[in-house]
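Have a look at the structure that comes next, please.
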Amino acid sequence: MATIEITLEVIYSWDHRKEKRVSVVNKILTEEEVVAQIEDGMTIGVGGWGSRRKPMSLIMAIIRAGIQDLTVVSYGGPEIGLLSATGQLKKAIYGFVSLDSIPLEPHFRVARQTGKIEATEFDEGAFYLGLMAAAHRVPFYPTRAGLGSDMLEMNPELKLVESPYPDKSGKHEKLVAIPAFDIDVSLVHMNRADQGGNGQFLGPDLFFDDLFAMAAKKTYMSCEKIVATENLLDEGSVHTLRIPRIFVNGVVEAPRGAHFTECPPDYGRDEEFQKLYAATAKDSDLWESFRSRYLETDSHQEYLRMVDSRKEEK
Amino acid sequence: MRRSDICIAEIAECFRGESDILCNPIGISPIIGGRLAKATFAPDVVMTDAVSVLATNTLPIGDQDAPRVIESYAPYRTIFDILWSGRRHVMMGATQIDQYGNQNIAAIGGFQKPKAQLLGLRGAPGNLINHRTSYWVPNHTKRSFVSKVDVVSGPGYDRMGEIGEPGNRYHDLHRVVSNLGVFDFDTPDRRMRLRSIHPGVEVAEVVENTDFEIVIPDNLELSRVPSEAELEIIKIIDPTELRYSEVQDA
Amino acid sequence: MATIEITLEVIYSWDHRKEKRVSVVNKILTEEEVVAQIEDGMTIGVGGWGSRRKPMSLIMAIIRAGIQDLTVVSYGGPEIGLLSATGQLKKAIYGFVSLDSIPLEPHFRVARQTGKIEATEFDEGAFYLGLMAAAHRVPFYPTRAGLGSDMLEMNPELKLVESPYPDKSGKHEKLVAIPAFDIDVSLVHMNRADQGGNGQFLGPDLFFDDLFAMAAKKTYMSCEKIVATENLLDEGSVHTLRIPRIFVNGVVEAPRGAHFTECPPDYGRDEEFQKLYAATAKDSDLWESFRSRYLETDSHQEYLRMVDSRKEEK
Amino acid sequence: MRRSDICIAEIAECFRGESDILCNPIGISPIIGGRLAKATFAPDVVMTDAVSVLATNTLPIGDQDAPRVIESYAPYRTIFDILWSGRRHVMMGATQIDQYGNQNIAAIGGFQKPKAQLLGLRGAPGNLINHRTSYWVPNHTKRSFVSKVDVVSGPGYDRMGEIGEPGNRYHDLHRVVSNLGVFDFDTPDRRMRLRSIHPGVEVAEVVENTDFEIVIPDNLELSRVPSEAELEIIKIIDPTELRYSEVQDA
């Protein structure tokens, strides 16, 4: 008989044919390895909300890699502003684009006013349905939102659907059919994850990151810290374990990976840096110096060193 | 009495009679007014802490560290659930609003290539078609009270009339509060009506600053002045006087 | 100037016109007061799942009150079995009807095999969509589930809906339109609640109780214990506060209110009692003695005394 | 070697090659087999604790108190999300199954007024049309392997062929494991085929106990016998030998 130590730890990784332990799933990647999976012209779903818990170290890696003609689908924040400023964004599909403390993303404003990017704008709730439809692999979910507003004029590709059921007066209500988003790769940032890609949020709101993870063909998760699976409950209740690894193709340990957006409880938004970033939308010299100082860094670590050295310089 | 405090009392009045709904004002004066309503005559509404919980107690605006008595969890997903359920009354801003209450916060100069990109549609299309909505306009001019909005974010009564039954059955554009007065749509043809005028404002001032014909009732009332007790509460909600930066005195 | 004590506690309950404190919302009711809101012929949504966290004290009150011709909508458990055994159930709309440790509800089995009740059976996931559609006040949500199975033959009132968007091959997918459930009153049982009706689950799963609460014209919540709002976080994280009081019309303090179904962590299922109940489906004498002993009690408290005295007798 | 242990090894084999899906077997032998797969050659699948979490470690069946290494939260709502996403392989029981794999767990004698009410449709309609599904039938007789099922809970290949593209694109009826053998639908017309026969069973026994014509391949393989290491693991998963009450030895 084969000798196996019968412990909980061992028995889930035993191959009876080869009579040896099977390695436990390990999906740890670097930012560069993630970005190598992203091609020109792809549609990228980005988790978070406005300037909150955005996978910025992955966005910076996309900028470094110079991937072109991207479409971004998100409750938009600086990822849309940055990628439009660098000229890598072809199209944005969004519920809004905001930096929260700065209500309108300033680079997005410029991109829109100069016609630099295509835009598909949804009602915020309708956007949720497009994401959920993609996660659930149905072609659409219906909503009343958009009727009467200019959302339909702005997006002539949107269609109505008639309820097959009459209401009490015999009428068949017409609703807006929000089409499932077609996302190639989703990027999300979590507070904690294990090496298999099980994700944990410790802040006030998961936002829609689970749906982004489900909706895409591939999903990559960055996180503040990779912990052992058995330590996932050290900092949050079971309800915070909301993205199972089956929806995650790779996980990147990126401390301060959401900078300059907020990632509570690990850190708040770097408002000063965000203001610095925002100011570059109105001044090409400022943008050029911002770009060369922060975006031409060769890693997330070096980016952080530049951010921190600025504080020290003051 | 400063104009801002009158505005805030009238914003609060928008929520009088509400209970068991999410009172969800957006923006400085609306949040102060909504919290005033909850702190006084509308204690049964629920309100968020502007982050992710419903808080029973009255929170000072913008104070992230104020102790919260948490009633329930309200991440954005729950907010959309509540929105679609209809148990919500939102007060939004309006960069432009027309006589039927069509609101624009999306763009100036059309959507395709705007002269000025504004906030966007945000939740306005869904809000308006699902539950009661009020608006707040801190600078009442012909550029905000316009004959035609450039983009319709939140549809007004004419647009929703075209949609008709059953699509329009939850549409309920309640009031508009500006720095000059309070407006509603309680007219036969659902055009905007001056409901009350703020003390110190002349009707002519309203008319001159409005780019459409506004309905003026025969016996026009004055907007309500907050009581001293209310002013005390307003100071608790807005200790750093953010409200005065939003509304000019006469 | 009016004298008010400016404390967090006071200021949310001050009426400037009457210059006095406004009472804080109090929705505490008895089981009888809840049942007085339920009329013959109504459709009742019942939270929980199988034999888990069912609002049994409210179901027992419905039995005492003798309300007739009810339709029950639920992930069904003993509420469907009991109400069909007492002859009060006209129709059941369900994803399944189970006692968990006894896979098929035995009284439901009898009712189906004798044709005593009408039945509308949904795929379990489709049922979720019918509930969500009602909560979101849309006439339907679409799903693939049901195509190819006999669900459509079993429920000829179900209609298909065609996606207005072509797929990549140009085809417009046909889906089953799950209609929004039309629920008059929902009943749910929580571990904790405050007097305003804010509900908290402390067990492993909320199930779909939030959607039941949203989907109905009126919702009544029973709970193991009513606590002060400020104590709601004593036993669970913020993520467990999942039913806000705006969806709750009344709250009943009912310790052991889910008996004999489970209500962890407060108590597990009373498997012995459940077996006793199950046995009554095959023996009219057993049913008669069960009915007279447990269902003819005049309150939840007396019902519990009868339950407990049985244990003592043994 | 007891028949039950062979069945369990073959149930486990249904999940060979799977990773990053929810392996979701339902019933005693399926749960034991699924957990055996995860404990050995399919460690990258996730599995529930049969309550509300995904547990990394191998849990003894029915042991509510066994320590769990929790990977993620999986209340029923999440299970439906996973189901609809397609990242799931379920093994269900089948009271009746026909040659194209139509499964009945709903009712005997038709739905309207059944002679015998069974479990119901449960999740079968959604499972079959959204992701891979296998079946387990512990008592292979002409009453379970029938020419025509009374009610279709989970649709088979003929039914899904009628639905056609795109509705059938996720339908993937993988295998059927019974107490006599393992079956699949890898035939040109998608009729059921005997994939392997359990050691000690004769082909004639399968044919006699099947109420439709089953495809028998020329070089029929024997089902796999679990290794001693696997048997040790099976004992850990099922220490009270629940499995032996489900399957009779020859």
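Observations on the structure shown:
Per-chain residue numbering starts at 1, and chain names A, B, C and D are given in the order in which the chains are listed.
Basically, contacts are C-beta pairs under 8 Å (C-beta built on N, C-alpha and C of every residue); 3 or more make two chains touch, one makes a residue touch a chain.
Please read all numbers here as calculations on a predicted model, not as lab measurements.
Taking the CA centroid of chain D as reference, the farthest chain centroid is that of B. Rounded to a whole number, the gap between the C-alpha centres of chain B and chain C is 37 angstrom. In this assembly, the C-alpha centroid of chain C lies 32 Å from the C-alpha centroid of chain D. With centres set at the average Cα position, the gap from chain B to chain D is 57 Å. Shared contact sites, meaning residues of chain A that touch two or more other chains, fall at 136-138, 143-144, 167, 173, 239-240. Multi-chain contact residues of chain D (touching two or more other chains) are listed as 52-53, 84, 130, 170. Of all possible chain pairs, those that touch are A-B, A-C, A-D, B-C, C-D.
By the touch criterion stated above, chain A contacts chain B in their complex at residues 49, 94-98, 103-104, 108-109, 112-115, 121-126, 128, 143-151, 153-154, 167, 169, 171, 173-174, 204-208. Considering their complex, residues 51-53, 75-77, 80, 83-84, 106-107, 111-126, 128-130, 151-155, 159-160, 162-163, 165-168, 170-171 of chain D touch chain C. For chain B in complex with chain C, the residues that touch the partner chain are 19-22, 38-41, 43-44, 46, 52-54, 56-58, 67, 69-74, 78, 81-82, 84-87, 130, 170, 226-230, 232-233, 236.
Listed in rising order, the residues of chain C touching chain B in the complex are 1-2, 4, 6, 8-9, 11-17, 19, 22, 24-25, 135-138, 194, 196, 198, 210, 214, 229-230, 232-233, 238-247. Put simply, chain C touches chain A in their complex at residues 136-144, 159-161, 163-165, 167, 173, 175, 177, 179, 236-237, 239-240.
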